[in-house]
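Letters are used for the chains, namely A, B, C and D, taken in the order the chains are written, and counting of residues starts over at 1 for each.
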Amino acid sequence: MRVEVQEAPFDVGAVTSEFTSGAKGAGAIVTFTGVVREADAGAMTVMEIEHYPAMTQKALEQIATQAIERWSLADALVIHRFGRLSPGDQIMMVATASRHRKDAFEAAEFLMDYLKSRAPFWKKEILNDGSADWVAAKDGDEKALERW
Amino acid sequence: MDVLYFAWVRERIGLPREKVETSANTVMELVEELKSREERYAAAFADISALRVALDQELSEFDAPLEGVREVAFFPPMTGG
Amino acid sequence: MRVEVQEAPFDVGAVTSEFTSGAKGAGAIVTFTGVVREADAGAMTVMEIEHYPAMTQKALEQIATQAIERWSLADALVIHRFGRLSPGDQIMMVATASRHRKDAFEAAEFLMDYLKSRAPFWKKEILNDGSADWVAAKDGDEKALERW
Amino acid sequence: MDVLYFAWVRERIGLPREKVETSANTVMELVEELKSREERYAAAFADISALRVALDQELSEFDAPLEGVREVAFFPPMTGG
(Lines give C-alpha, C1' and ligand atoms only; values in the text may rest on other atoms or scores of the structure.)
Protein backbone atom coordinates (compact mmCIF):
# COMPACT_ATOMS: atom_id res chain seq x y z
CA MET A 1 0.00 0.00 0.00
CA ARG A 2 1.24 3.48 -0.84
CA VAL A 3 -0.38 6.73 0.29
CA GLU A 4 1.16 10.09 -0.58
CA VAL A 5 -0.10 13.55 0.30
CA GLN A 6 2.10 16.06 -1.44
CA GLU A 7 2.32 19.52 -2.93
CA ALA A 8 4.63 18.46 -5.77
CA PRO A 9 3.39 17.06 -9.10
CA PHE A 10 3.59 13.31 -9.60
CA ASP A 11 4.53 11.41 -12.75
CA VAL A 12 1.40 9.39 -13.62
CA GLY A 13 3.33 7.23 -16.10
CA ALA A 14 6.15 6.33 -13.73
CA VAL A 15 3.72 5.67 -10.87
CA THR A 16 1.50 3.45 -13.05
CA SER A 17 4.47 1.55 -14.39
CA GLU A 18 5.94 0.90 -10.95
CA PHE A 19 2.58 -0.04 -9.44
CA THR A 20 1.76 -2.45 -12.28
CA SER A 21 5.06 -4.29 -12.24
CA GLY A 22 5.07 -4.40 -8.43
CA ALA A 23 1.62 -6.00 -8.02
CA LYS A 24 2.66 -9.66 -7.97
CA GLY A 25 -0.04 -12.20 -8.78
CA ALA A 26 -2.51 -9.57 -9.97
CA GLY A 27 -4.31 -10.02 -13.28
CA ALA A 28 -6.06 -6.65 -13.30
CA ILE A 29 -4.78 -3.14 -12.64
CA VAL A 30 -7.06 -0.10 -12.61
CA THR A 31 -5.88 3.49 -12.31
CA PHE A 32 -7.85 6.70 -11.97
CA THR A 33 -6.26 10.10 -12.48
CA GLY A 34 -8.03 13.36 -11.68
CA VAL A 35 -7.16 16.45 -13.69
CA VAL A 36 -8.06 20.06 -12.81
CA ARG A 37 -10.72 21.23 -15.25
CA GLU A 38 -11.74 24.77 -16.11
CA ALA A 39 -14.47 25.93 -13.72
CA ASP A 40 -17.98 25.30 -15.01
CA ALA A 41 -18.75 28.99 -14.77
CA GLY A 42 -16.05 31.26 -16.13
CA ALA A 43 -12.36 30.76 -16.70
CA MET A 44 -10.34 29.58 -13.74
CA THR A 45 -6.74 30.61 -13.30
CA VAL A 46 -5.90 28.68 -10.13
CA MET A 47 -7.33 25.94 -7.98
CA GLU A 48 -6.20 26.08 -4.35
CA ILE A 49 -6.43 22.89 -2.35
CA GLU A 50 -6.40 23.15 1.42
CA HIS A 51 -6.11 20.09 3.63
CA TYR A 52 -5.86 19.04 7.28
CA PRO A 53 -2.32 17.65 7.49
CA ALA A 54 -2.66 15.74 10.78
CA MET A 55 -5.76 13.97 9.49
CA THR A 56 -5.16 13.50 5.76
CA GLN A 57 -2.54 10.75 5.73
CA LYS A 58 -4.42 8.83 8.41
CA ALA A 59 -7.79 9.13 6.61
CA LEU A 60 -6.31 8.02 3.28
CA GLU A 61 -4.56 5.05 4.86
CA GLN A 62 -7.81 3.96 6.51
CA ILE A 63 -9.66 4.17 3.18
CA ALA A 64 -6.94 2.26 1.32
CA THR A 65 -6.80 -0.43 4.02
CA GLN A 66 -10.57 -0.86 3.83
CA ALA A 67 -10.40 -1.30 0.07
CA ILE A 68 -7.56 -3.84 0.29
CA GLU A 69 -9.43 -5.94 2.84
CA ARG A 70 -12.85 -5.78 1.24
CA TRP A 71 -11.68 -6.71 -2.28
CA SER A 72 -8.62 -8.82 -1.33
CA LEU A 73 -6.43 -6.50 -3.39
CA ALA A 74 -2.84 -7.36 -4.21
CA ASP A 75 -2.05 -3.65 -3.77
CA ALA A 76 -3.58 -0.17 -3.63
CA LEU A 77 -2.21 3.33 -4.08
CA VAL A 78 -3.48 6.85 -3.38
CA ILE A 79 -1.70 10.09 -4.25
CA HIS A 80 -3.37 13.44 -3.54
CA ARG A 81 -1.89 16.88 -4.03
CA PHE A 82 -2.58 20.11 -2.17
CA GLY A 83 -1.59 23.74 -2.76
CA ARG A 84 -1.98 25.79 -5.95
CA LEU A 85 -2.85 23.96 -9.18
CA SER A 86 -3.77 25.14 -12.68
CA PRO A 87 -6.25 23.74 -15.21
CA GLY A 88 -4.70 20.68 -16.84
CA ASP A 89 -2.65 19.77 -13.76
CA GLN A 90 -3.01 16.27 -12.36
CA ILE A 91 -4.49 16.58 -8.90
CA MET A 92 -4.68 12.97 -7.63
CA MET A 93 -4.63 9.35 -8.61
CA VAL A 94 -5.61 5.97 -7.22
CA ALA A 95 -4.55 2.52 -8.40
CA THR A 96 -5.82 -0.95 -7.48
CA ALA A 97 -4.52 -4.44 -8.31
CA SER A 98 -6.51 -7.65 -8.00
CA ARG A 99 -6.85 -11.12 -9.52
CA HIS A 100 -9.99 -10.28 -11.48
CA ARG A 101 -11.12 -7.11 -13.22
CA LYS A 102 -14.39 -6.63 -11.33
CA ASP A 103 -12.62 -6.24 -7.98
CA ALA A 104 -10.06 -3.78 -9.33
CA PHE A 105 -12.77 -1.60 -10.87
CA GLU A 106 -15.03 -1.69 -7.81
CA ALA A 107 -12.21 -0.95 -5.38
CA ALA A 108 -11.02 2.01 -7.49
CA GLU A 109 -14.55 3.46 -7.60
CA PHE A 110 -14.93 2.92 -3.87
CA LEU A 111 -11.65 4.75 -3.22
CA MET A 112 -12.76 7.65 -5.43
CA ASP A 113 -16.19 7.92 -3.79
CA TYR A 114 -14.59 8.02 -0.34
CA LEU A 115 -11.88 10.47 -1.35
CA LYS A 116 -14.54 12.85 -2.68
CA SER A 117 -16.46 13.08 0.61
CA ARG A 118 -14.33 11.65 3.42
CA ALA A 119 -10.78 12.85 2.84
CA PRO A 120 -10.11 16.26 4.40
CA PHE A 121 -9.46 18.34 1.28
CA TRP A 122 -11.21 21.54 0.27
CA LYS A 123 -10.99 23.13 -3.16
CA LYS A 124 -11.18 26.82 -3.96
CA GLU A 125 -11.51 28.11 -7.51
CA ILE A 126 -9.93 31.44 -8.30
CA LEU A 127 -11.39 32.88 -11.50
CA ASN A 128 -9.87 35.21 -14.06
CA ASP A 129 -11.94 38.13 -12.77
CA GLY A 130 -10.27 37.75 -9.37
CA SER A 131 -13.31 36.25 -7.63
CA ALA A 132 -12.82 33.11 -5.57
CA ASP A 133 -15.25 30.39 -4.55
CA TRP A 134 -15.04 27.33 -2.39
CA VAL A 135 -16.22 24.33 -4.39
CA ALA A 136 -19.47 23.06 -2.84
CA ALA A 137 -19.85 19.37 -2.08
CA LYS A 138 -22.35 17.73 -4.42
CA ASP A 139 -25.36 15.82 -3.09
CA GLY A 140 -24.43 13.11 -5.59
CA ASP A 141 -21.03 12.65 -3.96
CA GLU A 142 -22.60 11.92 -0.59
CA LYS A 143 -25.15 9.61 -2.25
CA ALA A 144 -22.39 7.76 -4.08
CA LEU A 145 -21.18 6.45 -0.71
CA GLU A 146 -24.46 4.69 -0.02
CA ARG A 147 -23.78 1.86 -2.44
CA TRP A 148 -20.72 0.64 -0.51
CA MET B 1 -7.98 22.08 23.73
CA ASP B 2 -6.87 22.93 20.20
CA VAL B 3 -9.67 24.09 17.90
CA LEU B 4 -8.94 24.13 14.16
CA TYR B 5 -10.87 25.72 11.29
CA PHE B 6 -10.61 24.93 7.59
CA ALA B 7 -11.77 26.39 4.27
CA TRP B 8 -14.56 29.01 4.59
CA VAL B 9 -14.94 28.33 8.33
CA ARG B 10 -11.32 29.44 8.75
CA GLU B 11 -11.92 32.48 6.53
CA ARG B 12 -15.10 33.51 8.37
CA ILE B 13 -13.57 33.18 11.82
CA GLY B 14 -10.32 34.69 10.61
CA LEU B 15 -7.81 32.24 12.05
CA PRO B 16 -6.73 28.66 11.36
CA ARG B 17 -6.44 27.46 14.96
CA GLU B 18 -6.63 28.58 18.55
CA LYS B 19 -6.38 27.25 22.12
CA VAL B 20 -9.76 27.17 23.83
CA GLU B 21 -10.34 26.70 27.56
CA THR B 22 -13.75 25.12 27.88
CA SER B 23 -15.84 22.97 30.18
CA ALA B 24 -18.19 22.00 27.33
CA ASN B 25 -19.26 18.36 27.52
CA THR B 26 -20.14 17.92 23.85
CA VAL B 27 -19.18 19.40 20.50
CA MET B 28 -22.56 21.17 20.40
CA GLU B 29 -21.90 22.85 23.75
CA LEU B 30 -18.52 24.02 22.45
CA VAL B 31 -20.20 25.41 19.34
CA GLU B 32 -22.71 27.35 21.52
CA GLU B 33 -19.85 28.77 23.60
CA LEU B 34 -17.97 29.90 20.50
CA LYS B 35 -21.12 31.42 18.93
CA SER B 36 -21.73 33.51 22.03
CA ARG B 37 -18.23 34.99 21.84
CA GLU B 38 -18.36 37.15 18.74
CA GLU B 39 -20.36 37.80 15.58
CA ARG B 40 -17.76 36.08 13.33
CA TYR B 41 -18.21 32.83 15.28
CA ALA B 42 -21.98 33.17 15.19
CA ALA B 43 -21.74 33.63 11.40
CA ALA B 44 -19.44 30.64 10.91
CA PHE B 45 -21.61 28.32 12.98
CA ALA B 46 -24.99 29.71 11.87
CA ASP B 47 -25.90 26.55 9.92
CA ILE B 48 -24.51 23.46 11.59
CA SER B 49 -25.90 21.19 8.86
CA ALA B 50 -23.36 22.77 6.50
CA LEU B 51 -20.48 21.81 8.79
CA ARG B 52 -18.51 18.70 9.69
CA VAL B 53 -16.45 18.04 12.82
CA ALA B 54 -13.44 15.86 13.52
CA LEU B 55 -12.27 14.87 17.02
CA ASP B 56 -8.59 14.01 17.24
CA GLN B 57 -8.52 13.68 13.42
CA GLU B 58 -11.50 11.31 13.19
CA LEU B 59 -14.81 12.40 11.65
CA SER B 60 -17.41 12.65 14.40
CA GLU B 61 -20.84 14.03 15.28
CA PHE B 62 -21.99 17.23 16.94
CA ASP B 63 -23.51 15.36 19.87
CA ALA B 64 -20.24 13.51 20.59
CA PRO B 65 -18.65 13.96 24.06
CA LEU B 66 -15.45 15.99 24.34
CA GLU B 67 -13.97 14.07 27.25
CA GLY B 68 -10.33 13.21 26.57
CA VAL B 69 -10.36 15.02 23.21
CA ARG B 70 -7.30 17.16 22.48
CA GLU B 71 -8.06 18.49 19.00
CA VAL B 72 -11.40 19.58 17.54
CA ALA B 73 -11.63 20.62 13.88
CA PHE B 74 -14.55 22.33 12.12
CA PHE B 75 -14.89 22.47 8.34
CA PRO B 76 -17.36 22.32 5.45
CA PRO B 77 -18.13 19.00 3.68
CA MET B 78 -14.94 17.75 2.05
CA THR B 79 -14.33 18.14 -1.65
CA GLY B 80 -11.36 15.90 -2.36
CA GLY B 81 -10.66 13.72 -5.38
CA MET C 1 -8.89 7.31 -30.49
CA ARG C 2 -6.02 4.85 -30.60
CA VAL C 3 -6.37 1.12 -31.27
CA GLU C 4 -3.30 -1.11 -31.47
CA VAL C 5 -3.14 -4.86 -32.08
CA GLN C 6 0.44 -5.96 -31.69
CA GLU C 7 2.77 -8.80 -30.81
CA ALA C 8 5.32 -6.54 -29.08
CA PRO C 9 5.09 -5.51 -25.40
CA PHE C 10 3.82 -2.00 -24.65
CA ASP C 11 5.04 0.43 -22.02
CA VAL C 12 2.04 0.96 -19.73
CA GLY C 13 3.67 3.98 -18.07
CA ALA C 14 4.52 5.76 -21.31
CA VAL C 15 1.09 5.01 -22.81
CA THR C 16 -0.72 6.24 -19.67
CA SER C 17 1.37 9.37 -19.50
CA GLU C 18 0.81 10.24 -23.16
CA PHE C 19 -2.91 9.45 -23.03
CA THR C 20 -3.42 11.53 -19.87
CA SER C 21 -1.62 14.62 -21.10
CA GLY C 22 -3.26 14.34 -24.52
CA ALA C 23 -6.86 14.21 -23.30
CA LYS C 24 -7.67 17.93 -23.40
CA GLY C 25 -10.59 19.09 -21.29
CA ALA C 26 -10.90 15.79 -19.45
CA GLY C 27 -11.14 15.75 -15.66
CA ALA C 28 -11.06 11.97 -15.25
CA ILE C 29 -8.77 9.34 -16.77
CA VAL C 30 -9.28 5.62 -16.14
CA THR C 31 -6.89 2.90 -17.28
CA PHE C 32 -7.21 -0.86 -17.09
CA THR C 33 -4.23 -3.16 -17.63
CA GLY C 34 -4.53 -6.92 -17.95
CA VAL C 35 -1.64 -9.09 -16.80
CA VAL C 36 -1.14 -12.81 -17.59
CA ARG C 37 -1.71 -14.78 -14.39
CA GLU C 38 -0.63 -18.29 -13.54
CA ALA C 39 -3.28 -20.77 -14.68
CA ASP C 40 -5.79 -21.63 -11.96
CA ALA C 41 -4.91 -25.32 -12.25
CA GLY C 42 -1.19 -25.99 -12.42
CA ALA C 43 1.77 -23.83 -13.33
CA MET C 44 1.61 -22.18 -16.73
CA THR C 45 4.75 -21.59 -18.74
CA VAL C 46 3.26 -19.85 -21.77
CA MET C 47 0.01 -18.24 -22.85
CA GLU C 48 -0.53 -18.24 -26.60
CA ILE C 49 -2.96 -15.71 -27.99
CA GLU C 50 -4.40 -16.31 -31.44
CA HIS C 51 -6.45 -13.69 -33.23
CA TYR C 52 -8.24 -12.99 -36.52
CA PRO C 53 -6.10 -10.25 -38.05
CA ALA C 54 -8.57 -9.04 -40.69
CA MET C 55 -11.29 -8.67 -38.05
CA THR C 56 -9.46 -7.59 -34.89
CA GLN C 57 -8.58 -4.00 -35.69
CA LYS C 58 -12.05 -3.38 -37.12
CA ALA C 59 -13.83 -4.94 -34.11
CA LEU C 60 -11.76 -2.95 -31.62
CA GLU C 61 -12.34 0.31 -33.48
CA GLN C 62 -16.08 -0.33 -33.49
CA ILE C 63 -16.07 -0.99 -29.75
CA ALA C 64 -13.98 2.11 -29.00
CA THR C 65 -16.17 4.29 -31.24
CA GLN C 66 -19.29 3.04 -29.45
CA ALA C 67 -17.74 3.90 -26.07
CA ILE C 68 -16.71 7.38 -27.20
CA GLU C 69 -20.18 8.18 -28.50
CA ARG C 70 -22.16 6.71 -25.65
CA TRP C 71 -20.17 8.42 -22.85
CA SER C 72 -19.05 11.54 -24.77
CA LEU C 73 -15.43 10.64 -24.07
CA ALA C 74 -12.62 13.08 -24.74
CA ASP C 75 -10.55 10.07 -25.85
CA ALA C 76 -10.30 6.27 -25.70
CA LEU C 77 -7.47 3.80 -26.23
CA VAL C 78 -7.24 0.03 -26.68
CA ILE C 79 -4.03 -2.00 -26.96
CA HIS C 80 -4.20 -5.79 -27.24
CA ARG C 81 -1.29 -8.17 -27.78
CA PHE C 82 -1.19 -11.55 -29.51
CA GLY C 83 1.45 -14.28 -29.72
CA ARG C 84 3.35 -15.96 -26.89
CA LEU C 85 3.21 -14.39 -23.44
CA SER C 86 4.47 -15.46 -20.01
CA PRO C 87 2.93 -15.04 -16.55
CA GLY C 88 3.50 -11.46 -15.42
CA ASP C 89 3.44 -10.07 -18.98
CA GLN C 90 1.04 -7.24 -19.73
CA ILE C 91 -1.47 -8.52 -22.24
CA MET C 92 -3.73 -5.55 -22.95
CA MET C 93 -4.88 -2.16 -21.73
CA VAL C 94 -7.72 0.29 -22.22
CA ALA C 95 -7.89 3.95 -21.26
CA THR C 96 -10.80 6.39 -21.20
CA ALA C 97 -10.95 10.16 -20.63
CA SER C 98 -14.09 12.12 -19.75
CA ARG C 99 -15.22 15.20 -17.88
CA HIS C 100 -16.55 13.28 -14.88
CA ARG C 101 -15.32 10.13 -13.17
CA LYS C 102 -18.50 8.08 -13.57
CA ASP C 103 -18.33 8.16 -17.37
CA ALA C 104 -14.65 7.24 -17.49
CA PHE C 105 -15.21 4.24 -15.17
CA GLU C 106 -18.31 3.03 -16.98
CA ALA C 107 -16.77 3.36 -20.43
CA ALA C 108 -13.65 1.45 -19.34
CA GLU C 109 -15.76 -1.38 -17.90
CA PHE C 110 -17.87 -1.46 -21.06
CA LEU C 111 -14.74 -1.72 -23.21
CA MET C 112 -13.41 -4.56 -21.04
CA ASP C 113 -16.69 -6.48 -21.11
CA TYR C 114 -16.84 -6.22 -24.89
CA LEU C 115 -13.17 -7.12 -25.37
CA LYS C 116 -13.69 -10.27 -23.29
CA SER C 117 -16.51 -11.65 -25.47
CA ARG C 118 -16.62 -9.74 -28.74
CA ALA C 119 -13.03 -9.16 -29.85
CA PRO C 120 -11.63 -12.10 -31.88
CA PHE C 121 -8.90 -13.34 -29.52
CA TRP C 122 -8.45 -16.87 -28.21
CA LYS C 123 -6.14 -17.84 -25.37
CA LYS C 124 -4.34 -21.13 -24.95
CA GLU C 125 -2.54 -22.04 -21.72
CA ILE C 126 0.51 -24.26 -22.01
CA LEU C 127 1.30 -25.84 -18.65
CA ASN C 128 4.60 -27.00 -17.19
CA ASP C 129 3.70 -30.64 -17.81
CA GLY C 130 3.43 -29.96 -21.53
CA SER C 131 -0.36 -30.11 -21.68
CA ALA C 132 -2.21 -27.29 -23.43
CA ASP C 133 -5.78 -26.04 -23.05
CA TRP C 134 -7.83 -23.43 -24.80
CA VAL C 135 -9.26 -21.06 -22.19
CA ALA C 136 -13.03 -21.49 -22.10
CA ALA C 137 -15.28 -18.45 -22.25
CA LYS C 138 -17.02 -17.85 -18.93
CA ASP C 139 -20.80 -17.60 -18.69
CA GLY C 140 -20.23 -14.53 -16.56
CA ASP C 141 -18.40 -12.79 -19.39
CA GLU C 142 -21.38 -13.18 -21.70
CA LYS C 143 -23.74 -12.06 -18.92
CA ALA C 144 -21.58 -9.01 -18.24
CA LEU C 145 -22.61 -7.67 -21.64
CA GLU C 146 -26.28 -7.60 -20.72
CA ARG C 147 -25.96 -4.56 -18.53
CA TRP C 148 -24.88 -2.32 -21.43
CA MET D 1 -15.42 -18.42 -50.79
CA ASP D 2 -12.68 -18.27 -48.13
CA VAL D 3 -13.45 -20.29 -45.01
CA LEU D 4 -11.31 -19.61 -41.93
CA TYR D 5 -10.93 -21.59 -38.71
CA PHE D 6 -9.52 -20.38 -35.39
CA ALA D 7 -8.41 -21.87 -32.06
CA TRP D 8 -9.61 -25.45 -31.44
CA VAL D 9 -11.77 -25.39 -34.58
CA ARG D 10 -8.58 -24.84 -36.59
CA GLU D 11 -6.80 -27.58 -34.64
CA ARG D 12 -9.62 -30.09 -35.08
CA ILE D 13 -10.00 -29.48 -38.81
CA GLY D 14 -6.26 -29.29 -39.24
CA LEU D 15 -5.94 -26.15 -41.33
CA PRO D 16 -6.37 -22.39 -40.80
CA ARG D 17 -8.17 -21.59 -44.04
CA GLU D 18 -9.34 -23.05 -47.31
CA LYS D 19 -11.21 -22.12 -50.50
CA VAL D 20 -14.64 -23.73 -50.63
CA GLU D 21 -16.85 -23.96 -53.72
CA THR D 22 -20.40 -24.09 -52.43
CA SER D 23 -23.96 -23.35 -53.39
CA ALA D 24 -25.07 -23.21 -49.73
CA ASN D 25 -27.61 -20.44 -49.12
CA THR D 26 -26.97 -20.04 -45.38
CA VAL D 27 -24.16 -20.57 -42.89
CA MET D 28 -26.01 -23.62 -41.57
CA GLU D 29 -26.16 -25.18 -45.04
CA LEU D 30 -22.41 -24.61 -45.42
CA VAL D 31 -21.83 -26.27 -42.04
CA GLU D 32 -23.86 -29.32 -43.13
CA GLU D 33 -21.86 -29.56 -46.36
CA LEU D 34 -18.57 -29.44 -44.47
CA LYS D 35 -19.74 -32.00 -41.87
CA SER D 36 -20.61 -34.48 -44.64
CA ARG D 37 -17.10 -34.26 -46.08
CA GLU D 38 -14.94 -35.89 -43.41
CA GLU D 39 -14.94 -36.97 -39.79
CA ARG D 40 -12.69 -34.08 -38.69
CA TYR D 41 -15.28 -31.56 -39.94
CA ALA D 42 -18.09 -33.51 -38.31
CA ALA D 43 -16.12 -33.42 -35.04
CA ALA D 44 -15.39 -29.70 -35.26
CA PHE D 45 -19.02 -28.79 -36.00
CA ALA D 46 -20.62 -31.40 -33.70
CA ASP D 47 -21.92 -28.78 -31.25
CA ILE D 48 -22.89 -25.59 -33.05
CA SER D 49 -23.85 -23.89 -29.78
CA ALA D 50 -20.14 -23.92 -28.86
CA LEU D 51 -19.23 -22.03 -32.03
CA ARG D 52 -19.41 -18.52 -33.37
CA VAL D 53 -19.39 -17.35 -36.98
CA ALA D 54 -18.25 -14.14 -38.65
CA LEU D 55 -19.22 -13.12 -42.20
CA ASP D 56 -16.77 -10.75 -43.85
CA GLN D 57 -15.27 -10.04 -40.41
CA GLU D 58 -18.57 -9.20 -38.73
CA LEU D 59 -20.08 -11.48 -36.06
CA SER D 60 -23.18 -13.12 -37.45
CA GLU D 61 -25.66 -15.97 -36.95
CA PHE D 62 -25.86 -19.52 -38.32
CA ASP D 63 -29.11 -18.83 -40.13
CA ALA D 64 -27.65 -15.80 -41.95
CA PRO D 65 -27.64 -15.89 -45.80
CA LEU D 66 -24.30 -16.31 -47.59
CA GLU D 67 -25.19 -14.27 -50.66
CA GLY D 68 -22.37 -11.85 -51.49
CA VAL D 69 -20.21 -13.08 -48.62
CA ARG D 70 -16.53 -13.56 -49.44
CA GLU D 71 -15.09 -14.72 -46.12
CA VAL D 72 -16.68 -17.00 -43.51
CA ALA D 73 -14.87 -17.64 -40.22
CA PHE D 74 -15.70 -20.28 -37.59
CA PHE D 75 -14.32 -20.15 -34.05
CA PRO D 76 -15.14 -20.80 -30.38
CA PRO D 77 -16.47 -17.98 -28.14
CA MET D 78 -13.83 -15.30 -27.88
CA THR D 79 -11.61 -14.98 -24.82
CA GLY D 80 -9.94 -11.59 -25.20
CA GLY D 81 -9.07 -9.08 -22.52
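What we mean here is this: a residue touches a chain if its C-beta (ideal position, glycine included) is under 8 Å from a C-beta of that chain, and two chains touch if they have at least 3 such contacts.
Note that this is a predicted model, so its numbers are computed, not measured.
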(request) With chain centres taken as the means of their Cα atoms, state the distance from chain A to chain C in Å. (result) 24
(request) Could you put a whole-Å number on the gap between the CA centroids of chain B and chain C? (result) 49
(request) Among the residues of chain D, pick out those that touch two or more other chains and give their numbers. (result) 81
(request) Could you tell me which residues belong to chain C and also touch two or more other chains? (result) 34, 101, 112
(message) Building nodes from the protein chains and edges from chain pairs that touch, which of line, ring, star, complete or other describes the result?
(response) line
(request) Check the chains against each other and report every pair that touches. (result) A-B, A-C, C-D
(message) Per the contact definition, I'd like the list of chain D residues that touch chain C in the complex.
(response) 4, 6-8, 10, 54, 57-59, 71, 73, 75-81
(request) Going by the contact rule at the top, pick out the chain C residues touching chain A in the complex. (result) 11-18, 20, 23, 25-38, 90, 99, 101, 104-105, 108-109, 112
(request) Under the touch definition given earlier, write down the residues of chain A that touch chain B in their complex. (result) 34, 50, 52, 54-55, 58-59, 80, 92, 112, 115-124, 134-137, 141-142
